[in-house]
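Please see the structure below; I have some questions.
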């Protein structure tokens, strides 16, 4: 970050506007899905405009960060998700993951350990994903005549049963788009379980580790005592040592 | 804890009465669900009274602990669950988690390691949750005409298939309340798996770690030998060192 | 073990006979379930006798070990499973877990690390459990008219989908006994996942740990060099030190 | 590897041809399954030939490596999978796992840690397994009249729901062959979850560990200072020590 002053300056500048854009996009994305009736009236039109403006903002942000980077190839490789949510319409809902940056503020204030930070991001991302997937699923399935996910309650219920890998099977997608959404959520479920388990193991083991560290600190203190002893020995030796440059004793 | 003498004194005092209250609440909560016929007779009325008294006791306990705390904001933040089970009727059954404090006595007697303590709490909480969720689910689903969970056996079976994230799907909630109960249990299932896995990994790794520690102890012993050697060296040096305050040798 | 010479001697003596008994029990338990027609003929009668003899042998073994123990309360606490499979008929099939002792021989020959030993026992126990649960399930469900597990293939398929917590729900128990079997297998599935994950994490981390250990060995070698240096210093000092007991130099 | 120069030379030589063979086998295996109509025409015949040639190539490779090994028993024990995919027709599709060796090139270029290498192999193997299992499942189920997996989309969807252990149960195998494929995929799902969780835990803990290592490095530096101090002391002692071989001072 320090090595990219121009890009960092832009990112500090664009942080708040982009978060607000993501919030506006959340409303504009969710509203027509939850109330399909509005699609043909003024509210629906407004939602379309907001969605379009949000796309422009995210695209401008991506291009700006790319242009301001010194290591452009490295930037592209390290920000694949950002490119995908701008370039591929079907991954559009993932722009809402932008809202995770709000968690940065919490982390900065609370000075959490790496394990806790990872756990909070994991749970935040999981909650957002459940909500966004439920919306995307409802959007995908509504048109299908054989669909069994028919309202937002069903969709949320399905999303939760999927991300926890419970998979009752009372509700499941029947469209291809819906299955892609489900695939993403199943994989996210595995990742979430890994994050929760690893964070917990990390917490347990950091206690073990802190015992080790206490003992190492003890070892270091002993070593310092050894060093100070040795310095005293050398000084005493110096005081009894015959002066080499002095004339030999007669 | 030491920093909160007033609250600690109250907690020691209220420990037994609250556990008994939780047990009484367990009976008063479970009975009308398992035998709906009693709801209209004297037993049902008694159960209502016990439920109400239990609420008062938990509320008084919460307020007392809050008032007796020095750091009240910290108390509220650290005891969100306690507030929720008192203030929100739907989370009422979670009061039974209070019974987990019984495990404290076992832990105190057995002097278990952190990993084992976590595992025991995890399994205890999981068992209680399965039981309480089955009750809450039966209560929620009984009214629904399309319900497939129709007796306590079904409910327990469903709860177990859910907390282990197996999710056969032969039994599943159809009411909104039931789905909320299920959501809690699925999330608990993930957490339980994390706890079991992490505890087990911890046990395996603490063996590895104890090998490391044995070697560190060895290192420490070596260091002590170095120190004692050095002290002997300094004493010998002192004995051959010319006395600085004595007159110079003639 | 060393502290219980009488019991250890018995266990060495009874090891082979009990394993053979468990194998015989496996056949006598599985045969009438897989081929119900034999129940009324001579083979069925023989199976009953073998089952009965196996029970006597396991019971005698348990009592003998209890009597030969010095710390009998400790023995009862540490061998609850052994008591349960003898005393409670429904847990009878778990006697087959006795066959896991065959793995001991493999472990003894291969000198495996703790992590690998745990993984091998875990997988061995899981395979046995899948097989035994499929048998017990088929036995429980065969009588039920609404059962969907109707042959051993179905039962094995169901057992595998359950222990991996996949839970398709195309096959599931409908009897109470069957549900108890399933409950055991679901819980075993969670434990198995914990064992597999922890063993794997252990393997990964032992590599990390071995790097640490290499560095500690380096540290120890340095310390030994310090000690030998110091001993040389002391010897040299001794040689220049004026002899305290000798008469002062003239 | 270094101890097997002849086999290593062969493996370097056969690396590219075998990968190409695996790719050709992938096409020849997938095509007739995805388009059954071609089975009776020239393309189908060509696919049969490629499949047969691929088998010969894999068999020759296995035999060559066996013959060129010094420790042949060790080779057989360490390459069971390679033997099985050559000798048992039903495990034929697993030959595609050969394509995982492409990942070696990526790993060699990127110089990844053990944890990351394991994660990449795990995800690569999982993706290949999902694809191959979907093909094998479609092949197995197509003939069954009661099958609910009827096209490649269904098969992929089923494979994903299985490897993540979600198991909705809307699609499931009904043939014995299909159930064997599913069994393999469920077990792979457990292993995958273990790999993902352990890799993640490893990543978290290696941060903890790197703190420990930093402290150990500090300890080592201290020890080096102790050693250099001691060497100075010994040199000074040598300079004041009376020369043992010189004539005694008069």
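Observations, loosely collected:
First chain written, first letter: the chains are A, B, C and D, and each begins at residue 1.
Keep this in mind: a residue touches a chain if its C-beta (ideal position, glycine included) is under 8 Å from a C-beta of that chain, and two chains touch if they have at least 3 such contacts.
Computed from a predicted structure; not experimentally measured.
A centroid comparison over C-alpha atoms places D as the chain most distant from subunit B. Note: centroid distance subunit B to subunit D, computed from Cα atoms, is 40 Å. The distance from the centre of subunit C to the centre of subunit D, with each centre set as the mean of the Cα atoms, comes to 28 Å. Shared interface positions of subunit B, defined as residues touching 2 or more other chains, are 165-169, 193, 197, 199, 201, 205, 212, 216, 219, 223, 226, 230, 233, 237, 240. Viewed as a network of touching protein chains, the structure reduces to a complete graph with every chain in contact with every other. Only residues 153, 157, 160-161, 164-170, 192-193, 196-197, 199-201, 203-205, 207-208, 211-212, 215-216, 218-219, 222-223, 225-226, 229-230, 232-233, 236-237, 239-240 of subunit C touch subunit D when the two sit together in their complex. Those residues of subunit D that touch subunit C in the complex are listed here as 114-115, 118, 162, 165-169, 172, 176, 179, 182-183, 186-187, 189-191, 193-195, 197-199, 201-202, 205-206, 209, 212-213, 216-217, 219-220, 223-224, 226-227, 230-231, 233-234, 237-238, 240-242, 244. On the side of subunit B, the complex with subunit D involves touching residues 165-169, 197, 201, 226.
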